[in-house]
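Two complexes, one shared chain (chain A), two partners (chain B, chain C).
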Partner chain A sequence: MQLFQWIADIPTLVMNNYPILLQGLWLTVRITFTAIVVGIIWGTFLALMRLSNNKILNSFAKIYVTTFRSIPLLLVLMWFYFALPQMIKHLFHLGPDADIGTSCAIIAFTLFEAAYYSEIIRAGINAVSKGQYHAASALGMTRSQSMRLIILPQAFRAMVPLLLTQGIILFQDTALVSTIGLVDLLGAAVKRIGENIGSTAEYSMIIFVAITYFIICFGTPRLIRKISYFKKG
Partner chain B sequence: MTFNWTLFFQSTPYGDGIYFNWLLNSAMLTLSLAATAWIIAFILGSIVGIMRTVDSKILNRLAIGYIELFRNIPLFVQMFIWYTIMPLFLTGSFKEWFIQELDPDIQTFILVSIALGLFTSARIAEQVRTGIQTLPIGQRYAATALGLSKFQTYRYILLPNAYRKIVPTLTSEMTNIIKNSSIASQFGGLRELVGLITSMNDQTNSIIEILCVITITYMIINYSVITIMRFVEKKTRLPNMMSGG
Partner chain C sequence: MITLENVSKWYGKFQVLKNCTTKVGKGEVVVVCGPSGSGKSTLIKTVNGLEPIQQGKIIIDDTEITNPSTNLAKLRSKVGMVFQHFELFPHLTILKNLTLAQIKVLGRSDEEAREKALSLLDRVGLLAHANKYPAQLSGGQQQRVAIARALCMDPIVMLFDEPTSALDPEMVNEVLDVMVELAYEGMTMMVVTHEMGFARKVAHRVIFMDAGEIIEDTSKEQFFTNPQSDRAKDFLAKIIH
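Right, the complex of A and B next:
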């Protein structure tokens, strides 16, 4: 059957082209990592704004989160791919072919995912019992102290599984950057290798990418659970 | 930078009315993609979700495998598989009919909505399972005590309650499916809302205006879906259920 032939072709194709595949995977990991770290930080600020009594901050965060959550990621990427580079180049007087595609993609992912993270974090903060706030203020802590020292550490501990799931979703979403011409894992495999070699190489590479994503997305949460289980003893 | 905000009310160079018609067509395509995929996702998701809750070990394992498979591969890659690889496995007269007689746009539409439907079905399956498992176990016992068969228990007791419970999460899956349908624009030049951006930009070269209008269109669509589903939730709520579940 053809399918088995394509699968049998995968090892040779991968061995012959592994530098470009690794480069692609590196871009995928870089985007994911930056978007998770910065996204959680910015998401925490958004969540705190959402919970604050300041009307301006509150409505800013609300509009930000609703907007980003109601449009597709691909549309956000389009914004950052078509509109932002023009503005940046206009502002900083860069040449017309300065390469800012990768940074634009990273910014787009960070801003987009922060909206989702902020909803998770807001729910986490709300889930911490009210008694904790009262206890903190009884101890003479200010609002920011009690948030920083009492509430957030507990909230984050409870949120780890959800943040992890969102991280995996984010990792899967990064496959979309190949649509704006960046060479991530999918772009490297299908566009570079598949279309260069031609014939059935494209099919083999698509299957290879699917398997790779499956292994990473299926394995990572289980691995992390195992490590944290051992740490607890 | 100068903006041309009346762009969508100017006539197209093809003589098919104004650009606003293009926008309406694209919005309709997005909605029909999402609706087709939703039907697939809802039926398959319900079946797999129910399989997760029955006693049989084999069915359980099968359902887990299905869910893990479709959840852990990115939708974009899944669409690639359906769009490029799956048509090669068709055989006989069906293949001839599918590839030669069917309009290419319809071919793409079918393949992409299957991919989107299967991807979403894994998520819906998880929610149906949660809906059933969070019902008090007494309902199942009571049904058995009343002499209902397994099928009857699910049909008349468990499923009606479970679906009522998961209306809010199903709503968010609906908005997800609408958002995810945008990935279809990358296959076969399908001109749904995101696909419209590039093709219209080639014609008019005013990207900011187009992006703004498309963004607003998505927000309107999602807002209406949420409003409609809130109404459905209210209508289907039972008098003894506190705030919908």
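Right, the complex of A and C next:
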């Protein structure tokens, strides 16, 4: 069986090339982490805009969210990776070799994910009962105080599972950056190591990456649940 | 203290309040009653502007709340409100529920807010629960906390929106006792309730509403012994056994 041979090759391949793999994983983590943190913050602002009475903010957020949700992530990524850097280089008179592609890809992810996060957050805010707004207002809190102190903390608590799921989807989506030539975990394993060594190394590395993604995606929610369980005591 | 002049409100085409006019004087306890859907809860929520109105005028303590330039948040901090479903903040401890608005809205120091909160918790008999979360208390206890939370703001008037109708029967009295005590202390109160025992005991006046209209607005004695309208007679016959 060839499959067993490919699997049997994995340990040696990994041991011999782990610096490249770690480098790739580091990029994957960087994209995921930035897109989650900044995406949730920007997503919260978008959700608040959607819920505000200000017509300009409201339509801006609506158009933003609809646009990003109607375009494939890969297209957004290509635009930000190939087209935008050219424009920036032109605008700021940077040399043709300046590497801003990675940053642009990270920005693309963040902006894209914010659209999805904002919908989750908007639903979470709407799910807090109207009585809570009334109680906060009746105590003399302003709209922004009620939002910050009463509504958002409750909304976020209810949204944790959804935000986590979205985070895991995002983590998997980062693999797309390998198709535009960035060296993330997948890129490092398959393109850098697999194609370089040749023969069946590529297959071994594909299996290895699949296992790695599975372990991280399967393990993280369980780990978080355990931690929060211990915290509650 | 509170003046309502020709207050009207519509939900779409449906008129929920029709030309409601009444007054609540300083130190007065007014009970608002009527069949469900009569608009009594809506009426009391218009008093501090939680429900906007389309016509008429509402004045609290010389401030017209219907005037767009009125600082509603500031006015509301002086008007205590207790809700049917308590509306304690579930993510905060009882103590935090009581101190938050004191600190953020009135600008009191942490220490000052804490002292005030603890003394009011003591007053409603719940001092021992200060560090618990709302979900750990019974309905009656939660409603007493809600009253204490409103009192922390040193309100000039208290509004109660069916404060006992979401409670199990055995918990109604512990809440009413707190309200009776408040009334005896001279607090100005507007109370939407079906508890006619409470009305008999402490109300000065009774407002009877039906289909968005104030049908009767009389003294307690007059209302219970000699109601004028058939609708009020009907209502009393149903509610008093």
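What we mean here is this: the second predicted complex is superposed on the first by the 233 of 233 C-alpha atoms of A that agree within 3 Å, B and C clash if a C-alpha of one lies under 4 Å from a C-alpha of the other, contacts with A are read in each partner's own complex, and residues count from 1 in each chain.
The rule is simple: a contact is a pair of C-beta atoms (placed from the backbone, for glycine too) under 8 Å apart; a residue touches a chain by one contact, two chains touch by 3 or more.
None of these values were measured; they are calculated from a predicted model.
Of the two partner chains placed around the shared chain by superposition, neither chain B nor chain C is touched by A:113.
Contacts of A:135 after superposition: chain C is touched, whereas chain B is not reached. In the superposition on chain A, A:9 makes contact with neither chain B nor chain C. In the superposition on chain A, A:153 contacts chain C only, with no contact to chain B. Legend: residue contacts after superposition of the two complexes on their common chain; A:190 is shown touching chain B, with no touch to chain C. Looking at the superposition, the partner that touches the larger set of chain A residues, chain B or chain C, turns out to be B. Residues of chain A that touch chain B in their complex: 2-3, 67, 70-75, 78-79, 82-83, 86, 90, 168, 172-173, 175-176, 178-179, 186, 190, 202-203, 206-207, 209-210, 213-214, 217-218. Residues of chain C touching chain A in their complex: 45, 48, 50, 72-81, 83, 85, 87-91, 100-101, 104-106, 149-150, 153. By the touch rule above, chain A contacts chain C in their complex via residues 129, 131-132, 134-142, 145, 149-150, 153-154, 157. In the complex of the two chains, the chain B residues touching chain A come out as 1, 68-69, 71-78, 80-81, 84-85, 88-89, 175, 179-183, 185-186, 193-194, 197, 201, 207-208, 211, 214-215, 218-219, 222-223.
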